[in-house]
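Right after this note come the structures.
Consider the two complexes below, in which subunit A is the common component and subunit B and subunit C are the respective partners.
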Partner chain A sequence: MNSVFLIAKKEILIALRQKVIRALAIVIMVLLSVALYAGYVAYDQQKEVIENARKEKREEWLTQGDKHPHIAAHYGTFIFKPKTILSLFDFGLDTFTGTSVYLEAHYQHEFMFRPAQDHSSMIRFGELSAALVLQILVPLLLIFLAFPAFTKERESGTLKLLISQGVSCTTIVWGKIVAYLSILISILAPFFVIAFVLSTMLANSQTIPDIAIRVVLLVIIYVVYLLIFVAFSVWISMRSSTSKNSLLTLLTCWILFMIIIPKTTANFGESMYPLPSMKIYREAIQKDIKNGLDGKASTSFRQNQLKKEYLQRYTVDSIHKLPLNFEGVRMQAGEDYGNKVYDVHWARLKKIFDNQNRIASLSSFITPYLAIRNLSMGLTATDLYTSIHFQKKTEKYRRELVRKMNNDMAQNSRYGEFYEYKAGKNLWNSIKEFEYTTMSAYEIVSLYKTELISLCCWAVLIFSLLGYSSRKIRPVYE
Partner chain B sequence: MLEAINLTKKYGDFTALQSLNLTINEGEIFCLLGANGAGKSTTINLFLNFIGATSGSAKINDLDVTKHARETKQLLSYIPENLMLYKNLTGLENLQFFCGLGGKHQSKGELEELLEQSGLQTDFINRRVSNYSKGMRQKVGIALARARGSKVLLLDEPTSGLDPKASNEFSELLLSMKEKGVATLMATHDLFRAKDTGTHIGIMKEGRLLEKFESQEVSFRDLEKLYLKHMHN
Partner chain C sequence: MNKVILLLIRYEWISFVRNTFQLLMLGCTFLLGLYAIYYGQSEIEVQRETIQDVKDIEEHEFHQYQASFKEELGSEGKKNQIASDPSYAWHRHGYHAVLHPHDYAALAIGQCDLHPYYYRLTGMSLHYQLFENEIANPVKLYVGNFDLSFVLIYLFPLLIIAFTYSLYAGEKETGILPLLHIQSISIRKILIVRLGFYFCLITGLALFISIIGLVSSGNIFAPENRLATLFWIVGVIIYCAFWFAVLFCIVSFKMNSSFTAISAAGVWLLFLIVIPAVLNVLMSSQYPLNSTSLAEITRRTSLENEEDENEAKEVIHEFLDHNPHLKGSDTLIHNNTLAKAYAALTSLKDMHSKEDVDHYVGQVYKRNQWAAGLHWINPAVNMQGIFVHIAKTDLNTYHQFHSSIESFHRAISDFYFKKLFWDKPIQLEDYSSLPSFKMKTNEVKWKTHILWSMTKVGITMVFFFAVGFINIEKQKK
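For the complex of A and B:
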């Protein structure tokens, strides 16, 4: 048998005979099971609630009775963000972004990520999800498993005996890595299998079409992430003079990687690119709608311009003589201008988010935790980009809905006629029900290129260090 | 079989070993005597390639231990002062593991027999090493050397701390290996064991091999006098 596998077999046997390791493995398995079950229960409940509410609101829209289209546009409707099955694994920002939005004329209700709130949702230390266990607690298990990898061999004198058998340090390193990875895989394999079966069985292919690719990518990135921690722990153990030093160094790194750096970089991002408060954000939009984006074209000025344009176009001297209801045209023009103002302000806000996200992405070069956290949220469709994507789709839907209502009013009613004109079921039915499909896995991966590159860099760096150090290591200090 | 040619090891200004010239042939047991810091363990560590020589060379079967690290290690077995095995494994599991690493795959029965032949009590073979005494661990070390069919034994104060009975048993095992043509280099403080077991004796002080002779050339009394003379000078 290859020396690597012999060493791995020996390590596994020793680990299995250690009560602490057995206990930690059981704790991780229990935590993962609880997190997965809790995630499933939450997913199932929310899915049911959302599905019922969606049906109810759609029914309300279709059976709202005959009424003026603009009243219908204000009556509005609700749209619900469908829960994706992968969210049971990683809650991501879902908890912070909400699941429903009220759509009505003239007004973009803040919903998914409350863009102008006083704090960034990136600053968080999540709930107990399976992703959290894998991202934060499993590395801790690995630390307890691997911290004495080399120090104990050196302290007990077995390293001398090992090397005197003609085994190279590189072989010992790989034997240990294979062992810890095997232990890890045997702990996590049942969990991954259950998660995969649940994902494929319960998947809503309309919402998240490429679920199998996402699951495979998730498994790959988590294996790479945990491999980085295994190799890192072995490397620290190799470089430490005592087991105590190795454990202290690894625990310090864990605190830095998992708590201090993510918090610091999130705070740094927010102080570098601060968000406006909700009040200021809304006031600025209302001000620009009222006075015009350039401050010169007030609402009344724009309306007068529009009136002139229509009178000229139809060569009439009164809006009463227009072949359409000018009130509908005016409302749509107001809506269009409001949308334009909203887009300008939203673009500014988006830029702030992008800058904050860029800092978070680049920070993944300082801690691999940020790389896996962002990639995991992205692939489970619970990240900020998916929220923004969903918001864009709902806003597009809202604008189309309001446009149809205003156009119907303009085409089918007369000026001054408001309560007299009533649209009916045909118009309500012409508004197709909102359906949401997430971005493809490819699109998501391309958004998280930095994180992917950083994860690869971490792997290359750690294995290079391991290779370099294992060539230098001696069983006795010179 | 074992050869040191002008072997020197320096740590900065400190010379741990100065121009050691030594040859140990098949079936010879060379005992290195000397106080702590005399350079005995340094010599063994150099033959094991655990540390690099400042100058000179150490050879096993005419192979330089630095240039042919893997090949030379296949030929030797090493037993330190306190042979540490994996405490959570049994003696048999330890033996299986280390034999496997050396590429010597023997059946469980064969290894059990070797452990018994090396003097390990039968009911301890399948017990975890955490229950073993130092003497028992040294016996596992001898069993390992036998299982690997080692041509060279490097022993760093192997009987230190053993009771007389265990020490005597260990000597007998060494003599049986000598009969099989094994070349042994043993660092020890034990003059009696060196005279009793060794075929050759060398006295070291401050990194220098001051004297070497065949053990049968001197009586135990003369050896003691010679040793003390060198230590006091």
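For the complex of A and C:
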């Protein structure tokens, strides 16, 4: 054990003497600070904007004046996607998902205003977030640090000396890994401390539950991820004949892992499972509403059925004699049917998304970057699952709102009358304000099983390779 | 050409041909280039198919309206009402404003997967119809497209690094450097000749892939493509030259090969990831945009008191004050008041919200201008900007599209409102003079933007080359 630390100490000393490593460490720290600061500024700005907009829209809804409930259902309201506190660490898909949605009767509006639409094509180069630094830049630092781990010892002949002194290869490997990890931890420790402090301070955030668990999980997965890179770099160095080769191999892997594979797999996913266009998607929904999902029960047929059913239920011969306004019942039935059709089409669309993203998930077995990227987005609630979860909640809220308006109309107004009946503040107040809480940490983690497994597989694979190779190592490469 | 130079080139060629790893790299890049072209074309093909579908739907709709004039009244009564009664037609007849992708959009997809490329417009409030997004997988949007511009911007610099990082250090480490020193030709010249050789080789490959892409995506001799083709080719040459200049500059510091490779990878990282990523967050925090203010204008609004005829008339009067050409005799207001009031209301709403929208678009313009001002230190983004500008998949094109849509929407409203406010039915003949969409473009601005951006890359290239040129003689190692 002692020799592990001795080797580690020597390695740290060498690293500290290298200007380039010192410079890179400073760059990483500066970038992390800038990223976290910018993330916080963006979070703070957005939080305020969204909070104000939320209050304003609620006020508008409550003070819309007396009007017919159906007009109120069309007047509707807006919901804005709240930013979660953890998004300051990982922006995830927030730039590419819509930020607000208009809720009204009969129609499921799509989310509007994707922030990326207000950027030039520069946005496609990525945004600086702490996650980007940790996922992409820190592995590169590790590569620069660890590429000569073995090759240099071999080139300068010290490897032979070490082994002849009775130091086992495994000890050297662990010495190196401990050294690089200590350097890494000393660079990142301040940020982890900040993360912990923030998480305890903000533990009772309303939007996102289990912040402490999420932060702990984030720290664990990032440590595992970076450990994989340290071990991988040491392994490549062990297997390479010269430092130059080791560096080139590692850089090539980095490019493949971070740039080429994620892009090609996403593109491949889209080519394999193409998405419909909005217009075609909407047309199909409208067609199914008009002709019925089975193509047999058209709108008028369904309405006649409903009329018959109500006349029978109340044993009357005219809808005028019903104790409620049939128009309200009809509207709600139409709404329900529209929702049913929408759900069928939305499920199909979601299936395509899932299929596309499954390819990326599975590709995390080819590159650990995809595993960490998806897990990190998931835990910070900036991923697609959270976005879809939020969308579902808003749709549920819309349905509830419209249902209440239609029921009120059915209960309180008379058939054939429209302008004669007006609802007021009591009805508007009966609609509770929309509140959103993301999925729990457990729920979200269970959606990313593939990524978790792949991360573990990577760790096991790399360490087995290290173990295997260190038994087979030759102090002189011929 | 000098004999020594010819000799150098010959031996460089031999060592290149014998290096299977280098050949493999070129081969892989070539294949990736072909895949990128294929991918881009399939993406744009999907857009073209959608545009065709959308147009077919529109054609079918209008064909039905026209046919309803010839049908017997009765069963087709309602259809004819939609076709001929302006109080229905103005908000039921849907026209499509379509932004046809440029032939070369397949090579630089740019922002065209992020912005809708067609809109169905009726006479209803423009802003109610303008903010719907196209279906897209956000993960895919986040990851971006593997198109030819990506291969050129991201992968070619890596190829250049891989081929040239050891041009000096390699000689030193293999012990050939002292032999070179005793030659009549200077080390600087040797380096430049060797860099020139690889420049021709790699730029040649980039041009070859580009030409395959350009030829397979459209007719390069068509008048609308000729200039774009030329710009693309010049762009590829300048960008490759820029990276060779950067490498020349790095090599001129005469560091060992690992250190040169680290520095080159660092510069690549700086230009392709760090600078753009930092600028993106700086831009968002310096010029924050608040889209919540725009949300309100997408709301479907109605008259406060629909049954109050006076309120309806007031709205109509206010509208007619802004549109005197629609004013008829006062008695016209008494007919069909509610329909007119609704038309007036949506039109007035657009007028009132125009200021907000313009302000928002102005802010977007301002923040992107700020970023464009920093293109000097941001050559990769600048080059990507040039490619998407050539292929007309840039943000500006979408802003132009939106302003063209505004005019088109005005033409649609005018067409129906003239009938509505003058109580005239729409007749079959009117269907031959329906409003049609025209995309406004500004070719002069397009050209100057591209030329100016290329000049920026060119100047940065000259700067790096000059530093390398001077530095190589100064460094005594």
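We adopt the following convention: the second predicted complex is superposed on the first by the 455 of 478 C-alpha atoms of A that agree within 3 Å, B and C clash if a C-alpha of one lies under 4 Å from a C-alpha of the other, contacts with A are read in each partner's own complex, and residues count from 1 in each chain.
The definition used in the following text is that a residue touches a chain if its C-beta (ideal position, glycine included) is under 8 Å from a C-beta of that chain, and two chains touch if they have at least 3 such contacts.
A quick note: this is a predicted structure, and the numbers were derived from the prediction, not measured.
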Which superposed partner A:3 touches (first subunit B, second subunit C, both, neither): first
Partner chain(s) touched by A:410 [first = subunit B, second = subunit C, both, neither]: neither
Contacts of A:142 with subunit B and subunit C, given as first, second, both or neither: neither
Partner chain in contact with A:14 - subunit B first, subunit C second, else both or neither: first
Touched subunit A residues, subunit B compared with subunit C: C
Touched partner set for A:97, first subunit B, second subunit C, both or neither: second
First, second, both or neither for A:162, with subunit B first and subunit C second: first
Which superposed partner A:78 touches (first subunit B, second subunit C, both, neither): second
Common interface positions of subunit A, toward subunit B and toward subunit C: none
List of subunit C residues in touch with subunit A within their complex: 32, 35, 39, 42-43, 46, 50, 53-54, 57, 110-111, 114-116, 118, 120, 131-146, 150, 154-155, 158, 162, 166, 257-259, 261-262, 265-266, 269, 272-274, 276-285, 288-296, 298-302, 304, 306-307, 364, 367-368, 371-372, 378, 380-381, 384-385, 388, 393-395
Contacting residues of subunit A [partner subunit C, same complex]: 20, 24, 31, 34-35, 38-39, 41-42, 45, 49-50, 52-53, 65, 71, 74-76, 78, 80, 92-93, 95-100, 102, 104, 109-129, 132, 136-137, 140, 144, 147-148, 243-244, 247-248, 251, 255, 259-260, 262-264, 266-267, 269-271, 274-281, 283, 349, 352-353, 356-357, 360, 384, 387, 419
Residue ranges of subunit B touching subunit A (in the complex, touch as defined): 11, 45, 48, 50-52, 69-71, 73-74, 76-78, 80, 82-89, 93, 97-98, 100-102, 105, 154
Subunit B-facing residues of subunit A, complex: 1, 3, 6-7, 10, 13-14, 17-18, 156-158, 160-168, 474-476, 478
